[in-house]
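Heads up, the next two complexes both have chain A, just with different partners, chain B and then chain C.
Up next, the complex of A and B:
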C-alpha cells in the first residue's frame, strides 16, 4: 500500500459535516486530508437538500401559476410542464455547488483523496485498500443512506428511493409514497404539482412525526386541498408487481387494502453508513442501530477518532452535521467554545406550505414547565400574506409560563423556513417575549406574524 | 450534661480554620481525647480531640466551612452512656460553590434576558455566577444552579429545621438534595476551566481539592506572579561529605539515636553561605529589600497529605548535630502530622529535598515572602575529570546538582551565582565539625 503521508486531520466523507469540519480545521492551521468516494458535498448537496430544493422551486411556481394565476391576471391555459427539464436544473444546481466545494478545498489547501475510506488503525485510513492516509486525528463523517424495508426491492423503475427519484425524468401517473417524513412529503408535493395522483402512507397518526401536532394537522388539511391523499395510521404490508403497474397492500387497524399505482417512493428512513468502515477492527463502538457512540465532544471509544453528523446519531440533518463537524475540530484544536447544544437545532420542510420549527413543542413545554404561554397568529390575518395569496398556515410561539422565555416556535406557511431563524436566535440568546416584542418588525412582512404570535402569548395580540 | 467542643487556638496569628473532615457521626459515643474532627488552616492541619467522654449529640459546622477560633464545633453529652444510638444521620456535606470567574475588566456580568429575570426573581447576585453560555454569558441554567446551591440543602445544622426556601414554582422546584458522602466529588457539570474547554466524561476521576491543596495552589500562583524567578544550577562533588558521613555515621547514630543524612550538610552549607550573601536571606517589603538578621531555614517535606515546610529556627546558631536533630524532629512530626502552626512560620530561606527520586535537578517555586529556594537533585556516581598526581584522570565521584531559584527583584545574577558557588565550595571542602 502506498502512503499519502501524515496529516493533522483525516476526514472520511465530504458531506456537509465532513467538508465544513475540514475547512474549520484548515482555518485552525491543521493539515487536512478528506476522503470521498462519491462527489464532494455528500448526500445533502448532491442527492438531498439542494437538488430537491430545485425541484420544489419548480413545484411552487407551478402551484402559484395554476392556483393563483387567474387572481394575478395570468392565464395558464395551455401550460406545458416538462419534468425532465426540471431534473436537468436540479442536477446543474448540484453540480455547481459540488464544484464550489472543490474550490473551497483548494482555497483552504485541503487535500481531496477520491475513493472509499476504511479505518486501518486508530490513526490511519486506507483508501480503496491501496493508499494509506495517516492522521493524528481521524474524523468519521460518512453520513447515512436510504433505508428500505425487507421485501421492497428498489429497481429504479417501479420502486425508488429519493436517490433514484432525483435522476428519474418521468412523472408517474399514480404514485404511492411510503412515509410522511420530510423526504416523503417533499417528493409527494413535487410529483403532485407536476401531475401525479399521489397517496402518502404513514404508520404514525400524524404527518411529520415529531412536529407540533397542530402544525401537522394544518399541513394535512393543505395537502388534502391539493388532492394529495394522506393515509395515517396505515402500515405498508406487501408489494406486488402487476403488469406495468404495482399493487401495494397496506393495512389500517387490521383492515387490508390494495393500492394500485405506477410507482412507489420509499421514504421510510435512513441508516448510518457504518458498515465496512473498519470500525470493529479499530475498536470503535457502535450502538444497536449502527450509530457510532460518541461522547459530548464527539469523540468515539477510540480517542483519536471522532464521529459526526448522521453517523453519530440523530437528528439526521445537514446543519446538525455541519455544527458537529466544526465542534469536533474545535474541541480537538482547543478552541475556547461552549459545549455542543442540540436544543436549538431547527427543522425545516420545504413543501408548500412550508413547515419549520425549533425548540420545544407546546406539549413538551407544558411537561417541562407545568404550563406554557402559547400564542398563535394565522397568516389569514397578515396583510403581506393576503397580498401574495399565501394565507395558509400560522405561527405558534411557545414560552415558559413564569419568565416568558421563548422555548419553541412552530411555523407552517409560505415563508416558514426563512422566518424561523429569528426564533432560533431567541432560543440561543435565551430571549423572552419582551425582547421579541421590543424588536420592531417591518411592515408589511410575514415576520410580523412572529411578533403578533409573541404578543398573543402574552395575551396582547394587536391584529388578531 | 452537654459539653461544647470549641475550635481552640491553633497557634500564633491563626484566627480561623476550615473544617476538613468529621471523624465521628452524630449519635456516636466518643472517648475523652478521641479525635473528633480534622481542621485546616493556612499554616497547619490539626485534629480536635473530644474534651470529655460522651455522645456526640450535634455537629454544628459542616465540612468545608471556615470558622473563627472559639466557634462551637459540636456538642457532646457527657452523661449519655455507650447505649446511645449511632443511627443518626451523617453530617451533611456542604460543598462550597466554586468561586465565580471575575467578569473581564470589572464590567457587569453578561447574562441572557431570561437569566437576568430568574436571577432577580430568586435573589441571585449575577456577579457571583459563573457563565457557561456563548462568550461566557450567564444562562438560565447557571442562575438556577447557583440558586439551588444556596438553598437549604447546604445548611450546616442538619438537626435544625430547614429555613424556608425562597418561593420557587412547583414545576421547577429543585428536587430535595440528598447529603452526599463527606468527600463526594463536586458537581462539575457546566463548570469551565479558565482557558480551553473540557467536558467531564464517564471514566474520568474527579478529585476535589482538599483545603490544603487549595492553599498550596493559591500560594504557588501568588509566588510565580509576584517574583520573577531565575534559576542557576551547580554541580557539586559530594565525595568529601560522603566520606565524612561514612566515617561519622556509626558513632552519630549511637550518640543521637537517629541516622545522619546528607540534608544537614546541605542546610549547614546553605546557612554558612547565607551569612556571606545576606541578600539571599531577605524579603521584598514595599519598596525595600529587608535583609534579615536571623536565619530560619524552611525544609520542604513531602507528606501523604501534601507539601509542608517546617522551619529550623536560628539555623546559624546550631551545631551540625543540633541542626541534624532539629531536622529529624521536624520531619518526623511533619509525617505524623504533629506540627504546630508555629513550626511552619518565619522561614527566611528554604531548602527542598525531593528525596531519592529528585532526578537530575529542578527549579522550585519560591516560598513567599522569601527570595530564594535551593532544591537538591539526586546524588549519583559519575565519571569526572580530576588532576591526579599532576595529570588529568577520570575518577568516579558522587555528584549532586543543586538548583537555586531566586527572586530577581531582590537578587541579581552575580550574588545569586556567588552564593550558590559558595555553597558548592563549602560542600566540596567538607569541613564540617561533627
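Up next, the complex of A and C:
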C-alpha cells in the first residue's frame, strides 16, 4: 500500500460535518486530509437538504401563482409545468455548491483524497485499499443512508427513495409516500404542486413525530386543503407490482387496504454508514443500531478517533453534523469554547406551510417544570401575513413558569424556518419573555408573531 | 359642549402608537378613551405599511414568475397583469385589519370616539368642538402626514403622494418618483414590476440615506438590473403639466434636465400632525419642525400630557410608535420596566431585494470605537439562496473591536426583513460574536448568512 504521508487530521467523509470540521481544523493550523468516495458536500449538499430546497422553491412558486395570483391581478392563459426543468435546476444547484466546497478545500489547503476510506488502525485510514493516509487524529464523518424495510425493492422506477427521486424527471400521476417525516412531506408537497395526486402513509399518529402535536395538526389541515391525503396510524404491509403501477397494502387498526398508485417514495428512516469502515478491527465501539459511541467531546472508544454527525447518532441533521465537526476539532485543538450543547438544535421542514422548532415542546416543558408559560399567535392576525396571503399556521412560545425563560418555540407557517433563529439565540442566551418583549420587532413583519406569542405567554397579547 | 365623562387615559389618534398604547393601558386596568378622526389603525394600517406590503406581495410574485419561473419549469402563455385587482387586495387587507383594531377596542373595553381631537386643557380634549372628553392623562398620537415641496400640487392624477397612489388603479407608462427613501423605492419597485418605466430622483448621493452605504450601493445595482433608472445627487426643480403628461425639471451639479413622464410620485418626507391640536393654548412645547418636545418618559412640557410616535419626532416608524405608546403608559402606570431605548430600532424596506438594519453602521462603529470587527457574507454563497434563485445582496455584521459585542447588522437581500430580528435580540442582550457563533443555525436557511458574517467578523468564515 502506498502512502499519502502523515497529517494532523484525517477526515473520512466530506459531508456537512466532515468538510466544515476540516475547514475549522485548517483555520486552527492543522494539516488536513479529507477522504470522500462520492461528491464533496455529502448527502446534504448533493442528495438531501440542498437539491430538495431547489425543488421546494419551484413548488412554492407554483402554489403562490395558482392560489394567490388572481388576488394580485396576475393571470395566465396557459400554465405549463415541466418538472424535468425543475430537476435540472436542482442538479445545477447541487453542482454549483459541490464545486464551491472543492474551492474551499483549495483555499484552506485541505487535501481531498477521492475514494473509500476504511480505518487501518488508530491513526491510519486506507483509501480503496490502495493508499494509506496517516493522521494524529482521525475524524469519522461518513453520515447515514436511507433505510428501506425488507420487501421494498428500490428500482428507481416504481419504488424510489429520495436519492432516486432527486434524479427522476417525471411526476407520477399517483404517488404514495411512506413516512411523514421531513423528507416524506417535503417530497409530498413538491409532487403535489407539480400535479401528482399524493397519499402519505405514516405509522405514528401525527405527522412529523417529534414535532409539537398542535403544530403537526395544523400542518395536516393545510396538507388536506392541498388535496394531499394524509393517513396516520397506518402501517405499510406489502407492495405488489401491478402492470405499470404498484399496489400497496397498508393497515390501520388491523384493517388492511390496498392503495393503487404509479410510484412509491420510501421515506422511512436512515441508518448510519458504519459498515465496512473497519470499526471492529480498530476497536471503535458502536451501539446496537450501528451508531458510533462517543463521549462529550465526540471521542470514540479509541482516543485518536472521533465520530461526528449522523454516524454518531441523532438528530440526523446537517447543522448538527457541522456543529460537531467544528466542536470535535476545537476540543482536540484546545480551543477555549463551551461544551457541546444539543438542547437547542433547530428542526426545519420546508414544505408550505413550513415547520420549525427549537427546544422543548409544551408537553416536555410542563413535565420538566410542572407547569409552563405558553403563548400562541396565529398568522391570521398578522398584518404582514394577510398582505402576503400566507395566513396559515401560528407561533407558539414556551417559557418556564417561574422566570419566564424561553425554553422552546414551535412554528408552523410561511416563513417559519427563517423566523426561528431569534428563538435559537434566545435559548443560547437563556433569554426571558421580558427580554424578547423589550426587543423592538419591525412592523410589519412575520417576526412580530414571535413578539405577540411571547406577550401572550405573559397574558398581555396586543393584537389578538 | 356635552361631556363624555372622565377617563384614566384619553388617547388622541388611533394609529400604531395610539391604539397599541390604549390596549396596554386597558391591560393595566385603566379606563381608556381613544379619539380618531379617520380610520382606526392610522396611516400605517390604512395608508402606509400594511397596504403597501399587499402591493409588494404582488410585485414579488410577478418578479419571481417572470425572472425564475422558467428555471423552475413554470411557463405561462399570455401573462396579464391587472394592477386594479392588486389595489383591491391592498384595500381589502387594510379594511380587514382596520376592523380587527375595532374588535380589539371592544375586547379591551376601550371607548372609540370618532372625530377630530383638540386639547382643551391639560386634562381634556374636545372632539369636533362639540364633545368634551376628560382624562387624568392625555396621550397625543396624531402621527404625521406627507410633506410636499411648494409648487408641487398633488392632484391625484398627475401628481400623487403615497396616499393617492394607494387608491390609484392605473399604472402609468412612465413614472418619476421623487425621493429614494423607503416609501419612494417600495412604490418604484411595485410600479416597475407591474409595467411602468420608472425613474427615481434623489437629492442625496445614495439611495436610502441613513442606510449603510454598501447596502445602498447593492440595492442600487439591483434596481438598475430591474431597469429602474436611479438618479442620485439630483434635485427636483420644477414641474410643468404637458398635455396629458408632466415635464419635470431636475438638476444635478448645476446642470438641469427635463424628464417627461405620465405621473409623479412625491415621496420626499413627512411632517408632524401638530397643527390645530391646541398645543399652544395648553402650553405644550414643540420644536422648530413642529414635533412635540418630550422627556425620557415621553412626557411633554405639560405633566399630564404625553406625546408619542411620529408626533414626538424620529425615527418615523410604526414600531417605534407602538413601543412609545406602550412605554408612555407603563411609565404612568408605574410598571417595573427599563428605560426607553432607541438604539436598537430596526429599519426595514420591503422592495426586492429587501433592506433591513439595526444599530450602528460600520462607519458609526469605527467612529465610536476607533475600530470595528466587520464581517460580510454574500447570498451568492448561500445554499438556500441559490436553491431559491435569490442570490442578490449580503449580510454585514458589525461588532466592537475589543469584546466582539454585536453593535449593528446591515442586510440587503431577499429575506432581509425577517432575518433581522435575531440581530435585534442580539443588540438587546448585548450579545457577542461568540454567542452568535455558539447558536446553531439550521441548514439550509438564509439565516446561516448571519452566522457566516459573524464568523467572518472573527476572521473564521467557513463557507466563503
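Observations on the model:
Criterion: the second predicted complex is superposed on the first by the 462 of 464 C-alpha atoms of A that agree within 3 Å, B and C clash if a C-alpha of one lies under 4 Å from a C-alpha of the other, contacts with A are read in each partner's own complex, and residues count from 1 in each chain.
Simple rule for what comes next: a residue touches a chain if its C-beta (ideal position, glycine included) is under 8 Å from a C-beta of that chain, and two chains touch if they have at least 3 such contacts.
Treat the numbers as computed from the prediction; the structure is a model and nothing was measured.
By the touch criterion stated above, A:369 is placed in contact with chain B alone, chain C being left untouched. In the superposed model, A:166 lies in contact with neither chain B nor chain C. Applying the stated contact rule after C-alpha superposition, one finds that A:104 touches chain C and leaves chain B untouched. Look at A:43: by the touch rule set out above, it reaches neither chain B nor chain C.
When both complexes are overlaid on chain A, the residue A:32 reaches neither chain B nor chain C. Within the superposed three-chain model, A:460 lies in touch with chain C and out of touch with chain B [touch as defined at top].
Once chain A of one complex is fitted onto chain A of the other, the partner contacts of A:286 are absent, as it touches neither chain B nor chain C.
When the two complexes are overlaid on their common chain A, residue A:445 makes contact with chain C while staying clear of chain B.
Once chain A of one complex is fitted onto chain A of the other, the partner contacts of A:435 extend to both chain B and chain C. Where the contact sets of chain A with chain B and with chain C meet, they give residues 337-338, 428-429, 431, 435. On the side of chain A, the complex with chain B involves touching residues 295-297, 331, 334-339, 368-371, 400-405, 428-432, 434-435. For chain B in complex with chain A, the residues that touch the partner chain are 112-115, 117-118, 121, 132-134, 139-140, 169-172, 195-197, 199, 201-202. Those residues of chain C lying in contact with chain A across their complex are 16, 20, 23-24, 27, 44-45, 49-51, 53-54, 56-58, 61-62, 64-65, 68-86, 89-90, 93, 96-97, 100, 104, 194, 317-320, 322-323, 337-338, 341, 344-348, 356, 381, 383-384, 386-389, 415, 417-422, 424-429, 431, 435-436, 438-447, 450, 460, 462-463.
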